[in-house]
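Look at the two complexes coming up: chain A is in both, with chain B in one and chain C in the other.
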Partner chain A sequence: MNDRISALSGQALAIMIALALGAMVILAVSESPLHVLLTLLDGAFGNPERILGTLLQTTPILICGVAACISLRGGLFNIGIEGQLFMGGFAATWIGFSFEMPPVLHVMAGLGFAAFAGLAWVAIPAFFRARYQTNEVVSTILANYVAVLITSYLTINIFKRAGGAPDTPPILESAYLPQLFSFSRANWGLVIGLVLAIGAHFFFTRTARGYAVTEMGANPKFAEYGGIDIKKQTFFLMLASGAVGGLAGGIESLGVHHRFMEGFAPGFGFDGVIAALLANGNPLGTIVTALFFGALRSGSLLLEVDTTASREIITVIQALIILAVSAQILVRRRATDSSAGERRWKF
Partner chain B sequence: MPRAIELRSITKRFGSFVANEGVNLAVKRGSIHAIIGENGAGKTTLMNVLFGLLQPDEGEILIDEKPVVLPNPAAAIANGIGMVHQHFKLVPSLTVADNVFLGMEILKGGLIDHAAQIARTAELSRQFGLKVDPTERVGLLSVGIEQRIEILKVLVRGARTIILDEPTAVLTPQESRDLFETLRGFVAKGMTVLFISHHLEEVMEVSDTVTVLRHGKEVATRPTAELTKSDLVQMMVGRLVSFDRRPRGPVSGSRVLAVDDLWARDDRGLHALHGVSFDVRAGEIVGIAGVAGNGQTELAEVLSGLRPSTHGSVRLGETPLTGLSARAIRGAGVAHVPGDRLVRGVDRNASVSLNLLMGRQDKAPWSRGGIINRGYLADQSKALIERFDIRTRSAAAPVKSLSGGNIQKVVLAREFSGDARCLLIDQPTRGVDIGATEAIHTEIMRQREAGRAILLISVQLDELIALADRILVMFAGRIMGDLDGGAVSEERLGFLMAGVDEHGHHVEREMAS
Partner chain C sequence: MEILERMFNVALIVATLRTTAPILLVALGGSFTTRAGIFNIGLEGQMLLGAFFAVIGTIFSGSPWIGLLCGVAAALALAFIFALLVVTFRANEVVVGLALNILAGGMTVSLLKAIFGTRGSIFGHGLVGLPVLRIPFAKEMGWFGQMISGYTPLVYVAFLAVPLFILFYKRTKLGLYIRVVGEKPEAAEALGISIAKIRYTASLLCGVFAGLAGAHLSLGYTTMFTENMSSGRGFMAVAILIFSAGDPKRILAGCLLFGFSDALSLRLQTFGVSSYLVLAVPYVVALAALFALSYRARPRIIQETLASMGRALSVKPPSAAEPPALAREP
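Let's look at the complex of A and B:
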């Protein structure tokens, strides 16, 4: 319990330090940090439309965050969620414009294929991690670039819509993931994200399989001794993480863009990983951290209009948070795990 | 002869645990001095005191016959002491020379003078016969060469006395011989070597003087030439008086565990088991005695499926276990109390009840349809905490908040409460206080009465004599003898543990070939 409190206060302290540094950067570009903060809050939560705008940005970060939590709990680090998101996004779009189906079925087919595409995209890194202990951080990062370029190739060279922009044809209306309210593009993906987060929490704390992978992450030697098949669990956990990453992409294309284009959903995969790390791999905590990042993204739109600060300031603040949180995790790990090698991922 | 190092009545406590008690140590300049003792005898603590890593609670340290205070390793280094730790601290992406000079780089105009570092490393390497290529990247090198780099690091910092903590534990026989050659070279140049070991042969082969530690106390310091291996064993393990033999009925059960001609390799790829064969019957405790590092750990690992065997067979009743996974062996009915309980036996950050769940999370009534039955887990945790007298605030408290003895009780509670027919118990009371030890012994006897077949591995002879129906003595991966636990002579055990069989023949270890 004490651990949890110290971990939480550590994260909070890290964010405070990052925000303080961010304030100094804002000062340096001659703006009042308070004004920027208030504008951010106003932009993120100022009226119902803005709140829904924030939720719209939160949705993919949350789902990618859950994907990251799934791997982190097992001591694995799937940093290739960005790539799985792109593959899933393209896969769902393809189902959306290529086939005619009844409405609900069409959405389910699209999301299902998106999850499959994410799963397939992580399968090779997962196999090599499970079988040969290849570092999954490296292999999944590399797979990101390939995913972005492949989907870009498919969009521009194979499926490009007639006319100017490098987009695919739009999906049929039967494949639209319904909006929550008529005045915002925020959609049922948010509900799916919340269900996934709660489901992942239930899986890790209440099921036998969830217990097995949690122990594999906490102390692999103990798990092995207790009869847990490390290779098998590693493989399937990575696949599950990839499937959720692919689903995030499918929700973006069926719920928001209704087509696939270059620069589709940039950075959501990475933001999701950061949100999960900030929440210590806890899916419920990721709901909060994803909302935080969603608010930053959404609030920054108003920042451009109402202040002299550029919206890139948000990227700076995010980078500072990443830095502070990694430093904080490193310090805490050094303090508590002097007995080395319990967690397999290190920063 | 002048004394390079002298420790006078050093006492070091960790809480209520006394790691070193009034230890005296005098090391002559220009000699190789071995410190031998079982795991937990206080060897490493003593060396950490000498290297300034730990502060003694009592006693004084003299270097070159002058009293010194060593608040940190830097002070020890300034006094000409260097330490080569068991676990190397090298940067794999840097070259040998860069590693040697890490933290004390030779600079030229504010930049690292790589050429000078390489030249100096090459010179030291030649001077002391430590063959290394200074320009090679450390990540590409073998463990033996990494150790040479660690030694070079110590030399370049001007050490005249070098402490090595279990230097051969990670080395192959050839690398060990090279190391001994190097150490002899050091003393020929007037330097002093202190090395920690629990390997009798090494101590006999390379040291001039040996100090034996037992339970944190200095038992003896003698010239090595005056001692035999059996003498050393006697001094290391001590007299056999701590526990009374537990009363028991005769063994009448049928054969449960059958091990036949089992061979296996250790982490270095050397044969750790050389054709081990034995049986354990239901309601029988078979003890495995031996100085640590003679294949006992590997035996437990092979039997529990955590290490592959290279030859031979293991059967549980009529079921062959050879080559099965840890999971399958558990499923067949073998429970395992591991020797390294903090590494393998528990997840220290998880609660007592989640630790009690391990290994049966898939089984009803612990879980149903994949969902953990939390009510049942809570009830069972409460019952096991009570029955095994685990002293904890609650079942939800993390295991790391418990004392060593209570952590071990958590492991025992889990392993003994299943339906295993055979129990592998490795070092059940290592690091456990006397009260908990008595309770653990009582519990093991209760398991015997319940008709389980028990293989008990321990480096504590008094424990084996208190509990075992038969005692098998292991030396260099072989079983040297099979003794009746009720009628063992101390002397006989000592000979067998030192590798001398009943006909007086010495069994040679692989490294001596």
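Let's look at the complex of A and C:
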């Protein structure tokens, strides 16, 4: 328990250091850090609509974060969640505007196909990772670029409305994922995200298969001696991660945009990966970190309006936090254990 | 036939060399870290930051050469942070590399807005590129002259660096140390080589070349800076590094493959193929090459086991150059 408290305080200290560095960066772009902070807070939580705006931004980050947690637990880096999100988003949109179905069924079909698209998009990197140990970090990152370009191609060259903006036709209303409240685009995706996070938590802590995954992440060799089929498990874990990433895209398109366009989701996949890393691969912790990043994103919208700072300043802060935390955890670990059972995904 | 002639000519070779140069520079830089046993996914960010500060330096000093130095210095700073966290703090190299990439992306956009008040890209503002080098007598050499003359200096640097890199790894003490640290850290330790010092050196050398690559991108290849203008070249370089294992010759081959696919796909665009599909070609080639050659990237343990088994049975171990039958299993 004591260990846990010291770990948490270390994490907090690292975040403080990162924020201090962030303040310096803000000063460098000639803005008052306090003003930026207050604007961020106001933008994220200033009134009920803004709070829901924060939740709206949190939803895709949370689901992508869960997707990242699933792979990180097994010691795998699925950095391609961004690409899976794009494929899923397009897949769900396609179902949404091409077919007529009864309302609930339509949403489920869209989300199901989105998850399948994400799964299919990660299948090749997953196969090569499982079978030939092909580095999944690089293959999934490169796949991101391809996914973004392919969905743009499909949107603009195949499905673009004549004379309209560069986006697909809107989805039918039967495919809309219902909103939580009438005055915001925040939708049931948030609930799906929370259920996924809690479900993933139970899977990892309460089931034998989940334990096997954690074991593989902690020490693959030991897991193999213990009789776990590493190749099979790697493959299916990556697929599961990709499916959740695709689902995140489906929820974005059916719940928020109701169509697909270029720049569909600006970096939610990467934010999800960072949120999961910051939570150390813990799905419940990812709820908190995703909310944190969602608030940053939501606040940054006001930041762009009210100050001269650009909203990308928050990605600088995010990166600084990850860097600070990545250094800090190791300092603690060195003191407490002798790198036995070292986890690949640990910072 | 006419189409083929329009597709394949000297201009295509020139275009290939031009598109190869930036990725070659960054991949050569990455060979230092790869050979020293560090997986450096942060190349992308170092290149991007190098490109940005090369432009900033040029605008504020008026000289592209000072800009070049600024770009290299910025990439070096990022490389130093990478080494500090990975080597000294032993943080996870993938996490640190990704975070630094994100940092570089966010920082360049933020500074772009803070300094110029714009988003997207900057050009003008007195920005001048590196001068084009014309080799004397190139005109008299016909198509060959056309092929070798008229590039910006860093293109020559990139290609001339390849033989130097080969010599560096084969003949110099530092090159040898880097290889030992990467391949057999225990042996390096036993020899009294400081692993940390070598890995720092490798990371910083890598930063220099990544910075050159970035500067080439914004001052040679184009004369402007655009948001995320490295556009995955650093990641492609990492893919090349994985299947080349940091060997300069194979890096050159891999980079030429990308340069060629890039140049060829740009030509396809003039034939009316969708630009989105055209832009995807280099990434698809990178992925295909990575998967096709991933057999080589099998974990060292398996290779070592094979080698020791071979020794035990006094059979020649399978060499990397000729894939053994095992590679062809379904």
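One rule holds for everything that comes next: the second predicted complex is superposed on the first by the 311 of 347 C-alpha atoms of A that agree within 3 Å, B and C clash if a C-alpha of one lies under 4 Å from a C-alpha of the other, contacts with A are read in each partner's own complex, and residues count from 1 in each chain.
As a working rule, contacts are C-beta pairs under 8 Å (C-beta built on N, C-alpha and C of every residue); 3 or more make two chains touch, one makes a residue touch a chain.
Not measured: the values here are computed from a predicted model.
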| item | value |
| --- | --- |
| Touched partner set for A:E224, first chain B, second chain C, both or neither | first |
| Chain B versus chain C as contact partner of A:R206, first or second or both or neither | first |
| First, second, both or neither for A:S310, with chain B first and chain C second | second |
| Which partner, chain B or chain C, touches more chain A residues | C |
| Touching both chain B and chain C, residues of chain A | none |
| Residues on chain B engaged by chain A in the complex (per definition of touch) | 304, 306, 325-327, 330-331, 336, 338, 342-350, 354, 357-359, 361-362, 366-367, 370-372, 374, 398 |
| Interfacial residue positions of chain A with respect to chain B in the complex | 3, 206-209, 211-212, 215, 218-219, 221-229, 339 |
| Residue ranges of chain C touching chain A (in the complex, touch as defined) | 39, 41, 81, 85, 89-92, 94-96, 98-100, 102-103, 105-107, 109-114, 117, 119, 231-232, 235-236, 238-239, 242, 274, 276-277, 279-280, 283-284, 286-287, 290-291, 294-295, 297-299 |
| Residue ranges of chain A in contact with chain C within the complex | 25, 28-30, 77, 79, 124, 128, 132-135, 137-139, 141-143, 145-146, 149-150, 152-153, 156-157, 270, 273-274, 277, 308-310, 312-316, 318-320, 322-323, 326-327, 329-331, 334, 344-347 |
